[in-house]
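The following pair of complexes shares a single chain, subunit A, combined with subunit B in the former and subunit C in the latter.
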Partner chain A sequence: MKDTSAKNVHGKAGFKSAEPIVTLLVLAGLALFPTLVSSPYSLHLMILLFLSIIMGQSWNIVGGYAGQYSVGHAAYFGAGAYTTMLLMQQWKIAPWYGVWAGMAVAVVVALVVGSICFRLRGPYFVLASIAVAEILRLSTMNLKDLTNGAEGILATEIPPLTIAGKVITDFSTKVPFYYIGLGLVVLTIVVTFLVQHSKLGYYFQAIREDQDAAHSLGINLTFHKNIALIVSALLTSLAGSFYAIYIGFIDPPTVLGLDISVQIVLICIIGGIGTIYGPVVGSLVLVPLSEALRSNIIAEAIFATGAVSPTSGVGVFLKENLAHAHALIYGVLVVVVILFMPDGVLGFVRKLTTKRKGERS
Partner chain B sequence: MLKIDKLNFSYDDLKVLWDIDLEVHEGEIVSVVGSNGAGKSTTLKNISRLVRPDSGSILFQGEEITKLESHQVVERGIVQVPEGRKIFPEMTVRENLRMGSFIKSAKATRESNMERVFTLFPRLKEREKQLGGTMSGGEQQMLAIGRGLMTNPKLLLLDEPSLGLSPLLVGNIFEIIKEINRQGVTILLVEQNVYQSLRIAHRGYVLETGRVVLSGKGEDLLNDPHVRKAFLGM
Partner chain C sequence: MIVFFQSLLSGVLIGGVYALIGIGLTIIFGVMRIINFAHGDIMMIGMYLTYNLFAMAGIDPFLSIAITIPIMFVFGALLQKLFINRVLNALPQNQILLTIGLGLIMSNTMMLIYTSDYKILSTSYSSSSVKLFGISISEPLAISFVITAAITALLYWFFLKTDTGQAIRATAQDREAAQLMGINVKRMSIIAFGLGAALAGTAGALISPTYYIFPQIGSIFTLKAFVITVLGGMGSILGATLGGVIIGVAESMGAVYISSGWKDVVVFVLFLLVLLFKPAGLLGKSRM
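For the complex of A and B:
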């Protein structure tokens, strides 16, 4: 019998008395981080980490809690990114207004997806969600007059944030992005917490565990699935807008491509689906890993241990190929997690550290 | 209380219900019996609006319910306990029961209903904090019925509650159904266990290949030569 305590959303396992203190300490540490570390690369890594957490947390609401595995979340990510970016570049509307428009567009997309796709169950819903994201990507590619097509959009200038004529912050360094990212992480975690501890959370979980039983208890399935999707789309759109403004360049494959959709799902699968900290753990695994693989750090570390000489045949092979192998290693990681840690890394760790919670017969 | 008139239903091209007439009066236990594929469960699904009938009418307390959505039917007081104990495996017993009490009409009486369920099924009280999926088949069936009761049903639809239970538990479940009925809940019961379900029923209907072939008092049906021959092997 497998230990199910980790996925038991309403179990009290995750909330012990020390937890608020630990959370506050971590938050304080994160808030002070930019004053202690000034290296732009460290800040960049942290911002990527935040972005990944926001995306994972957003997907988790519809995928983890309500059990509707959307593999088309790039649609909402891209809707946010493109709306904010277009408003800023074409119509000179500052991004902090643009994000609201981005969210509105994402909700419209979510309503279309929901009203069509939630008639389908299981694999059909997954396929339909992919299809919608692909339609958006191809439309963006081809509506050249509006979206600039495959060339993408480059942010030439981000207007500084001013309140009553006073400049609050300009966006010339990474620091403001760091705090915005941190704020969004807190926001998504709070939203997830609220959803989990409300009637909605119970409804979502009931739908995930047994649609027929949920139906028989008078839960309006379509309505509640749509609510889950809309909340999720709103937050994903925020992540998309944040990404667009931070990176300063978007094109259809990077914000609307299938790999974005898959990546969002992976964050949750690897961390632990349907738990508050799952996306955090998943991001902590995936972001450093993909950075390390991309930057040849691993090959250099192997040389540093002296196990392989950089000039030997194996060494040259590693140096040339390891950086390109990140997709392969990513894939292997997913297979390992699915086979050996079906509740994600978080569930696996909990299984090792805590005794079984449920009383058994 | 419930009046079904000339109900016809088909799954795509396959017609499964033919002009079903069925009536349940307030306070009754009505059993619908028949062999596999006779259309018993489909009849229940039509009442709880999980499927939409081709034609015919279903009146509940004078209101036509064929046009309602399934969650509206639950709000009117018709609750189905689905076949095969569809409980939420990763929620605790208490959480499973709470799931039944979120609709408006049941919220206020959540605690008293919970007590009532625990009195009917002391076993559930013992297992309050256990995950639903880790319980035995009989306990899960109790949980499914208990969860249905949490919604304050006027009419409880039970779909094969004895399916897959040990003979000892089967008798137990039927006693509990009688007790629930004594507490004022009208019950429409669909069963393959013809003897037990007709024994506790006030009235019964016999379905064969989607048609009502016999109806009458429970004990009369038990003594009916056709029923004895076809279902009881006598």
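For the complex of A and C:
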């Protein structure tokens, strides 16, 4: 926590005037995207990208701004996913009500985590946050009567969304999910922006830079850390509910596993933590890469170079296994980023551009 | 009563192997102040190494540790030299993330090579047991416990009596002071990481006859290793030994008296309680 003071400065005055226009253009383009592109796969990719941004942005508030490296965010993701799914499947409660229940459960989990883990610092906090998420995962596995255990829950039918008796959408295509995802992305970015520019956000950053100094200035450490965690948990729970309804199937390892916690952190680390666009950049790097591995584009590309023939032993092996190892890219990326770009891709690019500007003037 | 002693004994036996994993983690933490999140994955590589030596050359898993230990030592030393040494002064969270990344690379590379199928290393004695006062003892567990005890004794001798061992302890106590005394701390770090990896690899070799072998097994053991070292006190070798045995017993008691599904929950709850009420661990000095 000591030597970050010089880093993470959000100075980029040159872009400021153009920023609102660019943002509006990007948003308009994204809003029109489903009318221009109808292929379900590209919509699916965009939804995955949105989901990744929402997850990263949510973690960023407690991890990036308040500096509390939670590696147990699967707890909130899973809380949202499981509550929404259970209410829908067992009690026939529509997901847009279930989402609120999911958020309530996530807040309860966050309060428990906060009361236990915020007494601890640094690596001990990381370990405690993992332990809580693991307890939740194992309990979900074992409470078979309620959660269906390791078999998971399959969404059989999503009730159509109606407002005043009029059917808005029946969720038969990916388009409604696309707009919900886009809406959530905008929501999380707005929340992050508000946090960054509020007194609360300054408190968070003061805690991140130096806990003891912040404390001596009269900032209530436990209270503000808990607020950061609750905001983050609410948004992560939304991401979890969205994932559950969109994919239509959840089980403990996919929504409560350590993998999902690590993935959430990596989105921010790779993009650049404590910045509004860090999670966006991280998602833009991670999602296409891991999808390329998953859908065997990389294997095809290797065959296309002619280095390996698709029918040879190595070729068959690559085709069969490369798809399963898409998490490899996460590992390689995080090692490269930590060793060579400790401020993330965004920080690295910024450093390059300021260097170039400095040379010119 | 016989059930109680039965689960107590099997808990102590498996706890011995856990202690080995925990000691490795605690040495690395003590010398470098880095929590190695790839520890379980290093153990997993030890398991695959043992499996291959057995499947291809027919070498008994307990004899193969003579080959596994030096290979894993070199592997750990290389990890330290190539990656960890570069982040010694970085933020603690970046150090943690680097080791998480290295762990992901290890488990996914193994998955590429061996697929995620479960592998079983079955020796002639894998499921045999000996009876002692009416308590049956699993033979592979008993052998691995004896080997663990011997290795632990050897480690104590190394740290207490040899020059290198004392230099490593000095580095752990105060890195800068050790450097001023003419100790090559970079080299001690490499030896420490090599030792930690060798111990994790040995633990992997020792449990390979009784566990399923698959690429994702690492994270379970990484978490267990944390629980053990925090319980015993970060950086304390004696604490890790004690912590390993306690966790082994807690697990086997939880499996018998609650249910096997909940035994890991027992371990994590115990972990949180220790963090809350005795964060320095049973035998550690506070490093908070």
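Before moving on, here are some points about what is shown:
Quick note on the criterion: the second predicted complex is superposed on the first by the 319 of 361 C-alpha atoms of A that agree within 3 Å, B and C clash if a C-alpha of one lies under 4 Å from a C-alpha of the other, contacts with A are read in each partner's own complex, and residues count from 1 in each chain.
Rule of thumb we're sticking to: contacts are C-beta pairs under 8 Å (C-beta built on N, C-alpha and C of every residue); 3 or more make two chains touch, one makes a residue touch a chain.
Keep in mind it's a predicted model, so treat the numbers as computed, not measured.
Residue contacts after overlaying the shared chain place A:I219 against subunit B, while subunit C stays out of touching range. Shared-chain residue A:S38: touches no atom of subunit B or subunit C. In the superposed model, A:G122 makes contact with subunit C only, not with subunit B. In the superposition on chain A, A:S309 makes contact with neither subunit B nor subunit C. Once chain A of one complex is fitted onto chain A of the other, the partner contacts of A:Y203 are limited to subunit B, with no touch recorded for subunit C. With the contact threshold set out at the top, residues 1, 4 of subunit A are in contact with subunit B in one structure and with subunit C in the other.
For subunit B in complex with subunit A, the residues that touch the partner chain are 48, 50, 69-71, 73-75, 79-82, 86-92, 95, 98-100, 102-103, 127, 129-131, 133-136, 144, 147-148, 151.
Subunit A meets subunit C in the complex at residues 1, 3-4, 69, 71, 116, 119-124, 126-128, 130-132, 134-135, 138-139, 141-142, 258, 262, 265-266, 269, 320-322, 324-325, 327-328, 330-335, 338-339, 342. Of all the residues in subunit C, the ones that touch subunit A in their complex are 35, 83, 86-87, 90-94, 96-98, 100-109, 111-112, 115-116, 219, 223, 226-227, 230, 259, 261-262, 264-265, 268-269, 271-272, 275-276, 279, 288. Against subunit B, in their complex, subunit A makes its touches with residues 1, 4, 7-11, 199, 202-203, 205-206, 209-210, 212-220, 358-361.
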